[in-house]
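Shown next, in structure tokens, is the structure this report addresses.
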Amino acid sequence: MIRVGIIGASGYAGGELVRYLIAHPGVQITYLASGTYAGKPLSSAYPSLLGQDLPLCEKYDIEKAADQADFFFQAQGNGVGMKVAPALLEYGKKFIDVPADFRIKNLDEYTRYYRMQHSAPELVEEAVYGLPELRAEEIAKARLIANCGCYATGAILALAPLAASGHADLNSIIVDAKSGVSGAGRSKLDVSGLFCEVNEGFKAYAVASHRHTAEIEQEISAVAGTDVKVSFTPHLIPMNRGILTTAYAGVDASIKGSEDLFEMYRQFYADQPFVVVLENGHQPSTKNVFGTNFCHIALTLDQRTGRAIVTCAIDNMGKGAAGQAVQNLNVMCDFDQTTGLTAPAVYP
Amino acid sequence: MIRVGIIGASGYAGGELVRYLIAHPGVQITYLASGTYAGKPLSSAYPSLLGQDLPLCEKYDIEKAADQADFFFQAQGNGVGMKVAPALLEYGKKFIDVPADFRIKNLDEYTRYYRMQHSAPELVEEAVYGLPELRAEEIAKARLIANCGCYATGAILALAPLAASGHADLNSIIVDAKSGVSGAGRSKLDVSGLFCEVNEGFKAYAVASHRHTAEIEQEISAVAGTDVKVSFTPHLIPMNRGILTTAYAGVDASIKGSEDLFEMYRQFYADQPFVVVLENGHQPSTKNVFGTNFCHIALTLDQRTGRAIVTCAIDNMGKGAAGQAVQNLNVMCDFDQTTGLTAPAVYP
Amino acid sequence: MIRVGIIGASGYAGGELVRYLIAHPGVQITYLASGTYAGKPLSSAYPSLLGQDLPLCEKYDIEKAADQADFFFQAQGNGVGMKVAPALLEYGKKFIDVPADFRIKNLDEYTRYYRMQHSAPELVEEAVYGLPELRAEEIAKARLIANCGCYATGAILALAPLAASGHADLNSIIVDAKSGVSGAGRSKLDVSGLFCEVNEGFKAYAVASHRHTAEIEQEISAVAGTDVKVSFTPHLIPMNRGILTTAYAGVDASIKGSEDLFEMYRQFYADQPFVVVLENGHQPSTKNVFGTNFCHIALTLDQRTGRAIVTCAIDNMGKGAAGQAVQNLNVMCDFDQTTGLTAPAVYP
Amino acid sequence: MIRVGIIGASGYAGGELVRYLIAHPGVQITYLASGTYAGKPLSSAYPSLLGQDLPLCEKYDIEKAADQADFFFQAQGNGVGMKVAPALLEYGKKFIDVPADFRIKNLDEYTRYYRMQHSAPELVEEAVYGLPELRAEEIAKARLIANCGCYATGAILALAPLAASGHADLNSIIVDAKSGVSGAGRSKLDVSGLFCEVNEGFKAYAVASHRHTAEIEQEISAVAGTDVKVSFTPHLIPMNRGILTTAYAGVDASIKGSEDLFEMYRQFYADQPFVVVLENGHQPSTKNVFGTNFCHIALTLDQRTGRAIVTCAIDNMGKGAAGQAVQNLNVMCDFDQTTGLTAPAVYP
């Protein structure tokens, strides 16, 4: 049994990690850190956890943390991972940072998007970008993982096969993404997050300036073997969970129909247990992956314009955050990738 | 491994049964009957099940059913259980009827509420009302279970301790219940079920005439040891899942505060793993039991009027249908009651 | 043209007042006070108002207010009316307080429920409770109106005919009310108001302790001519607007069917343009009164238990707040009651 | 007073027309045709209309229609306009077809997208495409209007200034649109329209094959003066109303920043009362145009990729259907364009 600790347990990603890890036969949650709920059970933050056997929340303390667990998830927020990871790694612990601290290899780009100087740049170099569908071998050997961002997961899974294929016009990529509201987290309080302000409305935000652009471009460039820029537009859907990514890219004449795209993707993801390439005529819905680590993808060739249109559904809290983090743990600890992650969506 | 069959697998309750049973270590789903999806995988009805290892759906056939499974859930609809149960029981199978065929012992009352003559009245007599918190011993010995209705589950769990206590005015009971929309099922198509007709609206229906009144009164009367009538008003909440029951009953002067009610309920449910009696100051939310078999209850004494106000949250598809059915299976098959049912709610 | 000012223009009730008053042919909005948006157009709070001809918001100032308008709505919050009303009345202005400062005649009760000492008790005595269906004559002569609370509007309209009839058991009244979320306002920021915390959940709150209990009892007692206590339970519906009130009261044997109740209510509300008593077999939905000043009521006699069950739908922001305030203005200023208030609900 | 008739009054667009026309000082609704509700008041379809003074619904009959009204809206469905328009025009009536019968000038294209032969091709030639922001002069002289489609309205208003400017790469246009559910109408009943199937889910549909592609291309081509093809992807948002269009187009180097785009659009729409070009830093939300005929547009230059990103919010039932139809009536009948259409959104 691997002893697991969660730093930032009372946020949405923290709560979701607890939910997956409770179902995982190879780990035990032995440490929960939360400033807000220190001294209390996590069920005081999430009454949905009443009756579950969990340690009390504590204020984060490196000595206690190191004593009580061997594998850590940091889910508190940006800027925390670079502070706590160095000491925990020194203690020989493994560490998955769910936010963005270690994702961007180019530190100038990091600073530009996140408006922070990085305090642990050497760990940025060491960290492996935690998207197992692309980097399982590196992840298996890593002690520090930068968990892939929610929008980035959708965008990269939607585009990687095409970027790798050599058949896409890499200057034409557009990623139009739509997310449920839980991505904003539980701690940020302002008028725009109130139920009545969100409900029955739809809008774009951070147009042409969202932070995940950096990691999407970094990883698509890596797959393509050349520098790629994308236009990325996130939108807010009035629902709790789910990201639907609609990605566009021009393709060359060798792609003659949607079926060719389907084959390309099916082969690319043939060994990936969480990526389902839907047959022609079906479209992914975020409902079908709600609360899970699955990713559903559909391919359409727009014959009239010569563009591939890729639609991709994930749960932003699942495959886009906590589910993916557990999948990374599975790879790092040599469990089967699907351990603890096979439960289907709650539907409807 | 118990071989389990589901008749009516493609409805909401059927799909929810599949979800719980996939997670159950002691059973295997070996038979799925669905008229609509015969010959197809259940994932064609629920793409959320893509990647799960399940038998194809078949048109219901008694020989094949009896050959392929030993324990049956019927989740197709009212009037089906009385048709299929007799033959399956003759084959020595165990049978849980999720709809209402075997719930009402008084056949006149049954006919009045359901406008059907019963074709298997002798089985009504044999059937055990499937609410394990009240009838676990009988359930353990039964071969035929009438799974408790969704509203009835909320109402009975909310009122049983009070009804049993001798401190309630049994002529004063009012049950005001509110349900998510999945209770209407997946097969009934009319304008009133359209998204736009339901969304952003709230209303009562079947006021003073809902069918579940019969079983609520039957079971509360059994607990109280005397004939009890209740006023029952169901309402429709614009959300997918969950029932919040607000029950009112006058209490005598021996009940001096909410704390007395809390103690009464805590003792009554002390050994029940799925009923959580919340401490004073907390109110149950359907969100906290979403997708689960849990029931959260809170007690308030309205000092000014001498009434107990009980609020009780369940998931109508979980503790109100499929979760409860699996809990009944657990009791019937001598598993721990919680087997396959411990996953906490997906939150938020 | 009556020059109208709104104090607290940027809250939800303030914004809703603006919406109704724009459509009112007899008034002109000449003054808008908002601390948060002082110096800015109200469209910076509500972009839905872009293109409307409105004065800039200002910080509230008694001299400027008195100079610029003759009729005031205070919609900022509890405790504000008692501060600003005295001076404005001294200037000869008319004043409608949308929150609760002047609603409760019994000052002890006021202090118990609102945990404040009242600083203008003589005005409490003078103020008229602003529910035009019951007090139009007094309202017509008043200079100070305590606008009826949202839950109170639903409960009083649901119960007044019964309370006045002499046929109800006045000790048996239960009010189970369900409200959309806008009732919580726009200024209170805490975790429980976040979209994800509210969406897809339903719960009760302030059980047996909600402040509106005081005014419901005050007005029902006035109608009944005797002291009446009620049990009142509010609940939160995951939607923006609307209150559905389900009220229960035992009735005597002279009430033989739902039809008798229908006649009783139809007569009671015969001259009321905003109260629609639905014919038997129909139930009110909050959707049908969304964004309006209408109130839909249905009556059912629960023959088995001898109880009347009254269901009543209003929009908490319309008939429950701003619509009602404009209706009060109409009565006070001798407009037809329906002036500016006839637009039907946006549906769906 | 213009006597107005609505054919297909009980659908969502019909109901919405009634709502706007009730508020219109220059017209009177004198004829309502509905097969389903013939002989009944329209309030039996929409209880939100209880208390409004409206004619009873009738089965459509050309003689009675021609006798009772002078201006007709057809809102029943595709294929109806071509049947009823010829006779009504012969009677000298004016006619606005809300569905698609007269929108597509190229009849081959019409047949390909709508899978119908057109039975009144000469009227297609005569009909004016009813988007007043582009064709007010023609509309003013027309007797037959093809009301612009909902998605088409969003897409054309988002792209017209850019297409007209000469600065866009017309081969690079992508329209990613998201719509509330009311666009599907009230009459189509299948499982996919049930509340629980839509709620809390998001998906694309009709990818690269939606019918509105034809009219978007027709009108953008007309503005651009050359043949333009676009990729168009519609998505379904789990909410009642609203379309958010996100449009992408490469621009030349003369466009140096978002401010240049803002100026371009502000000038283009300077005289249009319903189009609001938002200042930089603001994004349109469908909430802000809910239930109205307004259109909010924001412009962003994605500097890194050289693309303009246009976001545009309308209400699909308002500016996307009934509001626009009334605006067309205003132009045809020489009312001010805004008559009856100035009410701001109900918010929240």
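Here the chain labels run A, B, C and D in written order, and each chain numbers its own residues starting at 1.
Note that a contact is a pair of C-beta atoms (placed from the backbone, for glycine too) under 8 Å apart; a residue touches a chain by one contact, two chains touch by 3 or more.
The structure displayed is predicted, hence computed values, not measured ones.
K.L.:
What's the chain with its C-alpha centre farthest out from chain D?
P.N.:
Centre of mass proxy via C-alpha means gives B as farthest from chain D.
K.L.:
Counting C-beta pairs in contact, which comes out ahead: A-C or A-B?
P.N.:
If we tally the contacting C-beta pairs, A-B comes out ahead.
K.L.:
If you average the Cα atoms of chain B and of chain C to get two centres, how far apart are those centres in Å?
P.N.:
So the centre of chain B lies 38 Å away from the centre of chain C.
K.L.:
Per the centroid of Cα atoms for each chain, what is the distance between chain A and chain C, given in Å?
P.N.:
46
K.L.:
How many Å are there between the centre of chain A and the centre of chain B, using C-alpha atoms for each centre?
P.N.:
It comes to 36 Å between the two C-alpha centres.
K.L.:
Show the residues in chain A shared as contacts by 2 or more other chains, in ascending order.
P.N.:
12, 182, 196-197, 199-200, 238-241, 284-285, 287-288, 290, 348
K.L.:
Across the complex, what residues on chain B touch chain D?
P.N.:
12, 181-182, 186, 189-191, 193-200, 238-240
K.L.:
Sort out for me which residues of chain D touch chain A in the complex.
P.N.:
172, 174, 176, 178, 180, 196-197, 199-205, 207-208, 229-231, 233, 235, 237-242, 244, 246, 248, 283-288, 290, 298, 300-305, 307, 309, 311, 313, 348
K.L.:
For chain B, which residues are in contact with chain A within the complex?
P.N.:
Chain B reaches chain A through residues 12, 15-16, 18-19, 22-23, 46-52, 182, 200, 240-241, 273, 276, 278, 282, 284-285, 287-292, 294, 296, 342-348.
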